[in-house]
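Below are the structure tokens for one structure; questions will follow.
We call the chains A, B, C, D and E, going by the order they appear; numbering starts again at 1 in every chain.
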Amino acid sequence: MLVVRSSHKPSATKRTILALIVGIILFVGSNFIDEYRIFQGAQVAAYLVGIVSIVLLTGYSGQITLGQGAFMAVGSYSAALAVQEFGLPIWITFFIAVLAAALFGAIIGISAGRLSGPYLAGATLAFAVGIPALANAIPILGGEQGLSFDIGYAPGKYADTVSPYKWLFWICALCAIIAVVIAVNITSSGLGRQWRAVRAHETAAALCGINPARSKVMAFTVSSGFAGLAGVSFSATVGLVSPSGFTLALSFLLLTGAILGGISHISGALGGAIIVVIIPTVFESWTEEASLGVATYLPGIIVSALLLLSIALAPEGPSEALHKLRRKH
Amino acid sequence: AQGAATPGVTKDTITLGMSSAQSGAASPGYNKVGPAMRAYFNYINEKGGVYGRKIELKLEDDKYVPTNAVNKVNKLILRDKVFALVGNLGTATHTAALKKTPIIKQSVPDLFVNTGYSGFANPKKYPTTFMYLPSYIMEAKIMAKYIKDKFPDKKVGILYQDDDFGKDGLAGFKAGGLTFVAGGTQKYASLSQATVGLTAQMTALKSSGAEVIILFGVTSATAVAMRTAAGLGYGTTWGPQFIMGSVGADPTTLLTLAGATTPALQAATLRSLTGALSLSFLPAATDTEDEYVKKFIEINTTYNKGVPWDNNVLVGMNQALLIVQALRAAGENPTRASLISALKSKGGTFASAGYSKLESANNVGYTGYWVGRYNSTGVIAPVDGGKPVVYTTDSSTANGDVAVSTFTRPAMPADGVPTNK
Amino acid sequence: MTLRVRGLTIDHGAIRAISNATFNVPRGSITAIIGANGAGKSTLLRTISGLKRATTGSILWDEISLEHLQTEQIVRRGIIHVPEGRSVVTELTVHENLMLGGVWRLRAQKEDVAAAIEEVYQLFPRLNERKKQRADTLSGGERQMLAIGRGLIARPQLLLLDEPSLGLAPLVVEQIFHTLSELQGKTGMTILLVEQNAMSALRIASQGIVLDQGRVVIADNARAIMNDTALRHAYLGY
Amino acid sequence: MSTLLSVAQVNVTFGGLRALKDVYVDLHENEVVGLIGPNGAGKTTLLNAMSGLVKPNSGTFALYGKNEDWPRPHELVDHGISRTLQGVGLFPDLTVLENVMIGAHKFARAGLGRALLGRTAKDERVLRERALLALERVYAGGLADRRADTLAYPETKRVAIARALISEPKILLLDEPAGGLGKEDIDWLGLLIKNLRRECSIILVEHHMDVVMAVCERLHVLDFGEVIASGSAEKVRQDPAVIAAYLGTAASEL
Amino acid sequence: MNLINTLIAGVSIGAIYSLIAFALILVWRSTRVVNFAQAGQAAFSTYVGLSFEKAFNNFWLALLAAIIAGVLVGAFVEVVIVRFIVKRATSAATVTVAPVIAMLGLLGIFQGVMGLIWGGEYQAYPTAFSRDGLTINGSQIPFSQNDLFVLLTVVAAMSVAALIFQKTSLGLAMRAAAFAPEVTRLSGIRVSRIRTLGWAFAGGAGGLAGVLVAPTTFIAPNSFDLLLVFGFTAAVIGGLDSLIGGVLGGLALGIGLSVVTGYLGGSYTFMTAFVLLIVVLLIRPQGILGARGARRA
């Protein structure tokens, strides 16, 4: 007898309902939390989208990226330009950011699609350093000061009652929820499966009718689109799009978040985002009263050591490690 | 407001906040400013504080990254509920903070921002923000005036940092009526001087025939430029007059960079520095005769243990001295509003080490510079010997009025403890 | 020098690959280990060469127990393992792969290594033709030849061969088995041969060990196993 | 009897090495053609040329009676050609079911847009059903949820065949399917190939002569990149050149 | 004239990228890890050198100290950290990324420790030879005795390393251990020791590179970070597996950047590196001298 097992993953509809519930919880919950936490929540949401974009590209499609910050920059600058030059409403610029970054990703992906491993890492690294430096040189992009990107206040009569942080948080959280739902849609569809197949064995995938080059460029494009969204969310929290916002350190931080959360699952991204936002703050506050040198360098050392430790102990991320542990017992 | 307590002020404390680069690539030098301020506050606290209240400084590290700055300033205002922000560092970082934190909305006093970007001195846009440094435009105008006066027929070249800092400078030079020799306008990107060097630029400057060369960049770039120049024959076959902006001429840093602490390099270092001109608005940290410098060194030794005295410590202590006076002027029961209005009305009269007037009335910082020359021991002293001649101007790019300042610096309060009202 | 295996049990996590195996491989013999896919043959060889640790039991070679030695140390005692799956270093050339097999032998033996490489080239002329080519451009069978060749360079005293005939042309298989038995006769080395191709293996072996789901079910004279039809049906599928 | 696939005058060189010289092979409907020859003779290279993994220097490629350009690997499936790899070539970190579903790629209708919106449920159901059927066919239905890298060797071979069959090929290229298998599995494989003949034609590269002789009508023998013999299995087996180059004494045992 | 000067300046800075590329390639070839912590490791060794320099005022002694420090640090890093990470991160998703992240973490630790020990200030490092531009036909060119020394050292170090890799048993063992640890162990080679040795070598090379580079860039906990980006770019352009490729890649990058910086301005420097890299890789995805990819089936 042939039984068609239902997949263990919830269907798209279930996912959407789940997302709605999460959204409502966040919406209601945001009224009971202090402003600073809400602001940090918005940051976490922005990082979350960035990490998701890395998980898609590196975790699923197997293309390593050290320069996701550059794609975020492309998205953010496009959005800010759209406001500045054409006076477009802010909400449209979120789409523009996604499209612009995706387009850019497609172009870069066409060349990067031929590279692998450290060669790709090298190219993305150079890109990550190059883009902010370039932005600095192009006058229309506002130099070091960058461009303003202000999502403003809640509309109409809510402008006075809803604090700007809540407004910011809602927008960033909405972006993050949409991003996660779409990302999960992709990874649980044939598309995600194809990416993983190409990652695992390019030749075998080709013989199954998948065009590996196309598949890789597609992953690059989609991931860049997410990065673009991360970029605007991120810029919304700063109110500004500037070269110093998209340093190599940002790209590395996101990658770190992706690894710590678990690079092979979208589910880890939230954990990763929380870690990269919260952990440094915690250690900084510990060492605040220490002497100058110690206060300057100790937090960095602790965070780095923690990072090393977690990679050595759970390279797949905490969820996978727990899973393995459970299987053992 | 009536009834509601002023944030950051309790019966016996006043809490201030500061966000600056304590670590990361931009931090060296600047990361001494905050601790120096704290050291001075501790000194004051020991002397009874401000009307009995002890001053606490919360120091946050933003690594010179705008996102971090927003996060940290938000933390200071929303979480730590500081009374005022003091000495925040950086243009892009602070622009972001002004946008995405409640500085303006909650009227948080935002004192003595540590940047020369003139745009912050804009009471309409940023009613609570006060500058500290003279603007880059002022500096360039003063430099232009000095060069036109002292080197009237010489060909002038410039190396500037290719960003807003350098561009502000260029605008100032233009306003000052300075023209550059063909091929004598060279720029570098802020990250590239360490990785690609400045050979291309310095070679071009040399072949342009410039006799006076302005170095309008950060200190590390100045050092690379000087060193590259040495390789091109500076001091032997090539003898241009170098003149450096204040940002790129922090003497301690410059000396270290050039190798003053490395025996093999000392002689060459001093040779290449000797004779170079530089602009400053505070006394030289090496000027131990200066009453302010003297007192600050004293305080540094006891309250900032282990931190060597240098220009950055001077900057921090001087800021702290101004802040204490502002807090006193705000009254026995200070509010954010009273602090701002006190600063506006009385800031110009505060005692400080600065040789020019503090234009707090218009949210502007110091307004003048003096020109100094490095001698053969690596110490900077006024060009013509004796007291420094201070030039003053404003930040407008429209008129180039630069005048010798008539401002006389107030004397140091007794024992370095302000008693103003 | 006999290989003595006593009460050997080996686990892959929850999977017991070998349970309580006890047998001897007499010096100078060819012993064939046969059994179905998954019987534990490879695991056994990997444990002897120290790539895998046993759960319990002991392995003695030359009265020295091997189970706590590192692979390198085991190799230096003359025990050479040619693992299954055409294991070569794909990024090195054919010649370099062969040289690798002799790297650990000291300088004094350099010439002997050269001679051994020559012998391998004679055994597999194909490899000689492909000398300078990177191993990842070889055909499947050529790779297998190279893997076996690398093992022979070290002039083993105990040679562990895991499915050497895999993917080789019938003529070559014949030739390899022939060479093995010849080499054995000439040098007196001991060979432990794992094979799917049970009949060919037993034909050159003096002893056969049949593994079934990790247990030694038979350890007997090779000829006896071949002639026992019932046994062949039960475990070898003929 | 019509010709499904024929290649002729195929030449492949790697650097200075001529791996294939004027090689030809043709394949008729519902037949199994064996491709044998010594190691390094060029068998895999020929399959690679036919499947676009190697670019021939010259040669013609005709499919269903029409001359075509040499295909690119991912176009094979659309031409109705499936191939297994000499190694096993599964995707190790995918489940068995997923592995086989990848093979059914060409039946998927949903594009990027639907994937983004999560509207792929129908597609997924169709692919899953097909994949399970394909797995059942090679008696591997029970393995569906296992990760491919946890399978035993014979199981991987079965899954690889299922993955090749799921796209309903007209032409199947098998590269050493019996390598490393035990007697029982080999017997089963021979049977499967025989059965498959009813729905497709097969080119079989194999060193296990008993399988080859049991299932192949015709044989092509390659040596040093050249066809040294071709014709009915019976005839080729007794060809002295083939015996000398390839079979050895095994010829007499068949 | 200006163009020639620009090109010459490019060679002298290119030599430095080559050096960094050299250290990266050494580690890559012997362990298949791209060592992003190299920047920190090299800076650390250079600080040790600087301490010696200050204490004894002897360049060569300091150089020796830096190299030895580099060797020790390299070995330490391999034994204490890399080994575990390489062993644990084996799944398809993590095998390439985890070591990269680990190296970034290591970089963070290095920088912090250096800051604690030596402070954050940029410091100058002396040169062995004069930095004054050589005079040719009466005109001074932007290429000094010291630049010549650096260039020759790079070429010499590369040649020695290439010789070791290509011609000695040790080199063979290193290459084999990098790609196929198991077969290598089965060939009687102590793979773990060989890997440690590879890291030690590369660490020493990093120390050498640091001391030669430091005079041009200053030394600070993070002063080599961007140089590493360029060194990595150079290595990738040259083909990560080829030491000679690393030299060529470094020189090509140096000259390219010098020309662009000289004629267009420093803002385009980083973008140029990216464009150059992409152009080279589009033509040869394996880099100028990299080996061709393996056969696919």
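Criterion: contacts are C-beta pairs under 8 Å (C-beta built on N, C-alpha and C of every residue); 3 or more make two chains touch, one makes a residue touch a chain.
What you see is a predicted model; the values in this text were computed from it and never measured.
Colleague: Shortest hop count from chain A to chain C along touching chains?
Modeller: 2
Colleague: Common contacts of chain C and chain E?
Modeller: Correct list: D.
Colleague: Write down the pair of chains with the top C-beta contact pair count.
Modeller: Most contacting pair of chains: A-E.
Colleague: Can you work out the whole-Å distance between the CA centroids of chain A and chain E?
Modeller: The mean C-alpha positions of chain A and chain E differ by 31 Å.
Colleague: In whole angstrom, how far does the Cα centroid of chain D sit from the Cα centroid of chain E?
Modeller: 46
Colleague: Using the average of all C-alpha atoms in each chain as its centre, how far is it in Å between chain A and chain B?
Modeller: The mean C-alpha positions of chain A and chain B differ by 37 Å.
Colleague: Using the touch definition from the top, which residues of chain C touch two or more other chains?
Modeller: Counting only residues that touch two or more other chains, chain C contributes 137.
Colleague: Send over the residues of chain B in touch with two or more other chains.
Modeller: 23-24, 27, 31, 162, 189, 191-192
Colleague: At least two other chains touched by the same residue of chain A: list those residues.
Modeller: In chain A, residues 129, 133, 136-137, 200, 203, 296-297, 300 touch at least two other chains, as defined above.
Colleague: Looking at which chains touch, is this a line, ring, star, complete or other?
Modeller: other
Colleague: Can you name every pair of chains that touch?
Modeller: A-B, A-D, A-E, B-E, C-D, C-E, D-E
Colleague: For a test of understanding, state which residues of chain D touch chain E in their complex under the given definition.
Modeller: For this pair, the touching residues of chain D are 44, 47-48, 51, 53-54, 85-87, 89, 92-93, 175.
Colleague: In the complex, go through chain C and note every residue touching chain D.
Modeller: 36-38, 84, 126, 130, 133, 137-142, 144-145, 163, 166-172, 174-175, 196, 198, 236-238
Colleague: Chain C touches which residues of chain E in the complex?
Modeller: Within the complex, chain E contacts chain C at residues 169, 172-173, 175-176, 178-180, 182-191, 291, 294-295.
Colleague: Which of the residues in chain A end up touching chain E in this complex?
Modeller: Of all residues in chain A, those touching chain E are 58-59, 62, 64, 66, 111, 114-115, 117-119, 121-123, 125-127, 129-131, 133-134, 136-137, 199-200, 202-203, 248, 252, 255-256, 259, 263-264, 293-294, 296-298, 300-301, 303-305, 307-308, 311-313, 315-316.
Colleague: Within the complex, which stretch of chain E touches chain A?
Modeller: That would be residues 28, 34, 81, 84-85, 88-89, 91-94, 96-98, 100-102, 104-109, 111-113, 115-116, 119-120, 225-226, 229, 232-233, 235-236, 240, 265, 267-275, 277-278, 281-282, 285-287, 296-297 of chain E.
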